[in-house]
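Next up, some structures in structure tokens.
Across the two complexes that follow, chain A remains constant while its partner is chain B and subsequently chain C.
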Partner chain A sequence: MADSLRDRIQKFILENYLFTSDTSALGLDDSLLGRGIVDSTGMLEIIMFIEEQIGVTVKDEEMVPENLDSVSRIVAFVESKRKVA
Partner chain B sequence: MPASLVDLLLTAVARDPGKVALRRKRSTWSYGDLVRGAATAAERLRRAGLEPGDRVGLLFRNCPEYVALLYGALSARLAVVPLNVQERASVLVVQIEHGGARMVVGDPDHPEWAALKAALQPDVGALEVTAVDDDASVETFMQSVGASPGQALESPAVARDDMAILLYTSGTTGRPKGVMLSHGNLVANNVTIIDYLGLVPDDVGLTVMPFHFSYGNSVLHTHLGAGATLLLEDNLAYPLIVMQRLQNERVTGFSGVPSTFAILMSRARIDEFDLGAMRYLTQAGGAMTRAAIQRMRELVPSARFFVMYGQTEATARLTYLPPERLDEKLGSIGKPLDGIEIEVRDLDGRVLPPGQTGELCARGPNIMLGYWRDEEATRAAVVDGWLRTGDLAHTDEDGFLYIDGRVVEMIKVGSFRVSPLEVEEVLATLPGIAEMAVASMPDELLGQAVKAVLVLRDGATLDEREVKAHCRVRLAAYKVPKVVEFARELPRTSSGKIQRFKLS
Partner chain C sequence: MLQRMVGAIQHRGPDGSGYHVESGVGLGHARLSIIDLAGGAQPVHNEDRTVWISYNGEVFNYVELRRLLEQRGHRFYTSTDTEVIVHLYEEFGDEFVHELNGQFAFALWDRPRRRLLLVRDRAGILPLYYARTRGGVLFASEVKALLASGQVSAELDPDGLDETFTFWAPLAPRTMFRGVAQVCPGEMVVLQGTKLERRSYWHWQFPENGTHRRAPQSQLEDELRELLADATNVRLRADVPVGAYLSGGLDSSSLVALLNRTVPEILRTFSIGFDDAGLDETEHQQRMVAHLRTVNSRVQCTLGDIAASFPNTIRHTESPILRTAPAPMRLLSALVRRSGVKVVLTGEGADEVLGGYDIFKEAKVRQFWASNPSSAWRPGLLKRLYPYLDFTSAQSAAYLKEFFGVGLDHPDDPFFSHLPRWATTAQCKLFFSDEFRARIEGSATERLRATLPDGIARWHPFNRGEYLEAHTLLPSYLLSSQGDRMLMANSVEGRFPFLDHRLIAFANALHPRYKMRVLREKHLLRQSMRADLPPSILQRAKQPYRAPDAAAFLQGAVPDYVNQLLGRDCLARYGYFDPDKVGRLVAKLSRARVPAARDNMAFVGVLSTQLWHRQFVEGRSVSDG
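Up next is the complex of A and B:
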């Protein structure tokens, strides 16, 4: 479950911002902003992906680096939201 | 009028050295700190053998360290080349070589720093200064640059027309465009903007715009010139963090481009925050819809809303619309700033009457010296002291200006200019392409995005992802085509010229 979620998120970022399927190009703990992988609009697109493709609503107050700044953090955030739901 | 931005800073520090100048996360620099940091930077750059007139590149996200290095360099009578933090090393190195920078100072944590450092010519020095995020950041900075503190920051003995900042608006292997801004340009524009915004030492601004961008550069220097406080952010990826700072740090002024306000209005629940201290909002960098302006005014009723217009080639600002005329003249970019003349001219250079659309041309003390090492481009852009902006505009009967479009083909993503030729040059290095054209496409958030249309050679295969990946390693993310289409041929005029507008 976690692995497939992680794979989906990693794949989305790889394909849309690094344009590759090579998973070595994006470490699970790499900072998406710090490494310059996404900018402000990219982050909005990731949130749309989480909401529309994964089916988890991201509240405005949840848009913080602790939840979104790496693949691992996004996975942990989505899983915690699913548990609550 | 002061001779340089350094003189404005020295006036501010003399007024109140303990006043907070810059704050980034947990790092707070007073004016006294900033001046000490700048003096240390000046000493270090001189000791590296840099001489008046030399260029020094700076690669930093928005941070106090960058500001200290910039003012230090100006004090040492060097010209600063602020490097685009979103750009790739391969492009930056072209700009550094074109600009003839003798040294580059950068944050080793920047993702492109290692590649940039490795690509520099052996005679270009590289100095690493880490932007730190703690209470002792000034001392850390001074240790990091490795010069002895204590000497005072000197007012530079510069002439009005000495170059202070070299800002690259595009940088390709073909033709990098470096805008030469003089000390006189920067001071003149700064003083005028401080005046019409009414900036005072009690103001607290917050910027999310990068300092290599002329608007961000202007927000920085106007706040320091006024002796105000500027809070630094890099981006709007986390709108809530910005909103919390606006509220909790009682920010009085906030500047943005249309997409800045669009993001805040869509994801930040502005009405739930207390922004009662907000005195002004400024908007430039492209047209913002009337509905969006009205909505921002409703959400932040305490703020006067300034619509402004300008260009890097004019240092930053050429016109503004006085907030009290906003309802009456919504859609206008206002009137010229004090000391600036603007004319709307036809293709033959004749001044047009109100209501007729022509090219917006401007003259004043803020117009650039020219493009660095490109006399041909300079002659085309500045004619008899008048800057040809490339923007189409008209005036109304009251002399208010309205933008109608662009003369030259330039894509505006967010507020960053993207030259179609720059993207085409990168695409041309992909094998299998017979011909291609790059054009703009509408984008809901950013106004425009980049679109590429490719005609492949017989037998060649390429897919959209390969094309984007090729661009991504060679261009800043915002320049990478959002859409790549494949076509059998490109639309052309009878003379064979590609009709980009038909691709949009």
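Up next is the complex of A and C:
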């Protein structure tokens, strides 16, 4: 389950921000902001993806880099939200 | 050859052409007649035909200069501003440029000294290109005239594209064409024998921080109003009807209000509207039209209009662009021309000269924040800057901090104000192919850094931002791709009162607080125009002029040329971009509800580069199939 979630998130970011399917282009812990992978509207698309495709709602106060700034962090955030739910 | 060259830019001057050829030089001219309609054929010469000029533009103080020159014994054979320049050169030598108030690009031939001067106005309103060939040097107002000579071939300068994908345009003297240079704004290029010397005669100069001019605000308001009124009045000098662009913002409304007091006839104004309510300014335009009782004509620009006109727009910009915004401006100038008007005044330049841009506010907040980087509240002010951007308000301060925090550890870097914008734009380079990327030499920003004036570190940070804006976006994009090229495509001359060099000197001497009061832009202009404009216009926050980007091409039926130029084969053949990545970008934009700003820019950049290659390098029109 964790793997497929990770794969989905990684694939989404690779295809939508790096425009490639080459998984070596994005490390799981790479900072999306630090590497300039997302811009200000790009972050919104990631949140929409999490909400609509993964089914987890992101609250305003949760929109922080600690939760969303790498594939690993997004996976951990989604899993923790699922546990609470 | 001269005839071919002049023929290639006939849109700039459909009213006549003229030539002067003698040993060592050939001058050609395509005339758009505005002053002395009957007697102003060019090239023009002095009394004994030893000094010749081919000239594009206007010297607005020609009446006063002519009086001075006549007093000193010069005899005129036309009533033009053109002839003033040859006599002025005789009288003052190379210092003559300092006497000119106007917008101009010209070649002046001094036969006795066998030297040619190529001169461009201070702000860079009118274009002038040149290229060295085996036989000498060719020059022209547009690159297509150089290409028409048969002696210059079209090849992309990789650093020019790299600069476009950083600053929105190549920085002068560079152009998009390898081997073709442009005369820089405020520069004179002197050609003598085989020697070519570049001399700068004017700069955007700011005082050292702490030495700005001191005066009561009421006095500065009066001076600004008087200067702007005079800058506007001298720009009415023409023997043809003069109109004005009216966007509904503070700048064009100020000009139209001032014009309305001077011009006895009812003024003609011209506006653009969009179907997208987020971009449309019709309501504000109509308010000004009612307030000033002008006769307003409008273009309602649709997505289809932009897509259909885009290939020809790129033929005129002669440079790839990252926004479609020039395309509607060309439709607007076509409307002006159809209305029988040849000259329009525009508010362009006010944001640079009087402190209107959001990037100045953004830098001010970031400076404020840099003085206390751990503050969570300070970056929150950034949200106030971009209320017109969808969804920004949904983002947390933590993200604003990441996006705008670039360079926060170096608040004294002269590039501080512009680093976030350039970093965002440079993300479009992701689409460069590996082969093309290898052809780029060095860094665009470091090349710019090498040209900065020595004293810039001692300027106020706000002035540094103004300087960068005046040297990058203004001449290379706003006055060129979005200005002169779109106007001249339909034989219309634009005039820019806010770029009068007296007004620039006045504004540059002011402390930034007169431009940006807290986060209120163009403070002094608002104050000085408060008796002339309705409160709704005076209090309106700036809305940047924008047009629909990728949506214009991808919503509904995609034009054939877009499918063809963005197809794998064509992308691979031209070699600039990675076909896989571009394919994914197009797919993403086709399904996106809210396209990201970067994706929009990248799409327009890729498409316009492909169009540029198709039309200039391959020399094929888009309908050739």
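One rule holds for everything that comes next: the second predicted complex is superposed on the first by the 85 of 85 C-alpha atoms of A that agree within 3 Å, B and C clash if a C-alpha of one lies under 4 Å from a C-alpha of the other, contacts with A are read in each partner's own complex, and residues count from 1 in each chain.
Assume contacts are C-beta pairs under 8 Å (C-beta built on N, C-alpha and C of every residue); 3 or more make two chains touch, one makes a residue touch a chain.
Here the structure is a predicted model, which means the values were calculated and not measured.
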*Check the residue A:M43 against both partner chains and state whether it touches chain B (first), chain C (second), both, or neither.*
both
*Given the touch rule stated above, what does A:E15 touch, chain B (first), chain C (second), both, or neither?*
both
_Contacts of A:R35 with chain B and chain C, given as first, second, both or neither_ = first
*asked:* According to the stated criteria, A:S24 is in contact with first (chain B), second (chain C), both, or neither; which is it?
replied: neither
_Once chain A of both complexes is superposed, is A:V64 in touch with chain B (first), chain C (second), both, or neither?_
both
*Looking at the overlay, does A:S4 come into contact with chain B only (first), chain C only (second), both, or neither?*
neither
*Same chain A residues contacting chain B and chain C, which ones?*
15, 18-20, 33, 36, 39-44, 60-61, 63-65
*Where on chain A is chain B touching in the complex?*
15, 17-20, 33-36, 38-44, 47, 60-61, 63-65, 68
_Considering only the defined contacts, which chain C positions touch chain A in the complex?_
389-392, 394-396, 398-399, 402-403, 423-424, 427, 430-431, 578, 580-582, 584-585, 588, 592, 594-598
*chain C partner contacts - residues on chain A that touch it in the complex*: 15-16, 18-20, 33, 36, 39-45, 60-61, 63-65
*chain A contact footprint on chain B (complex, rising order)*: 85-86, 109, 111-112, 234-241, 259, 263, 267-269, 414, 445-446, 465-466, 468-469, 472, 477-478
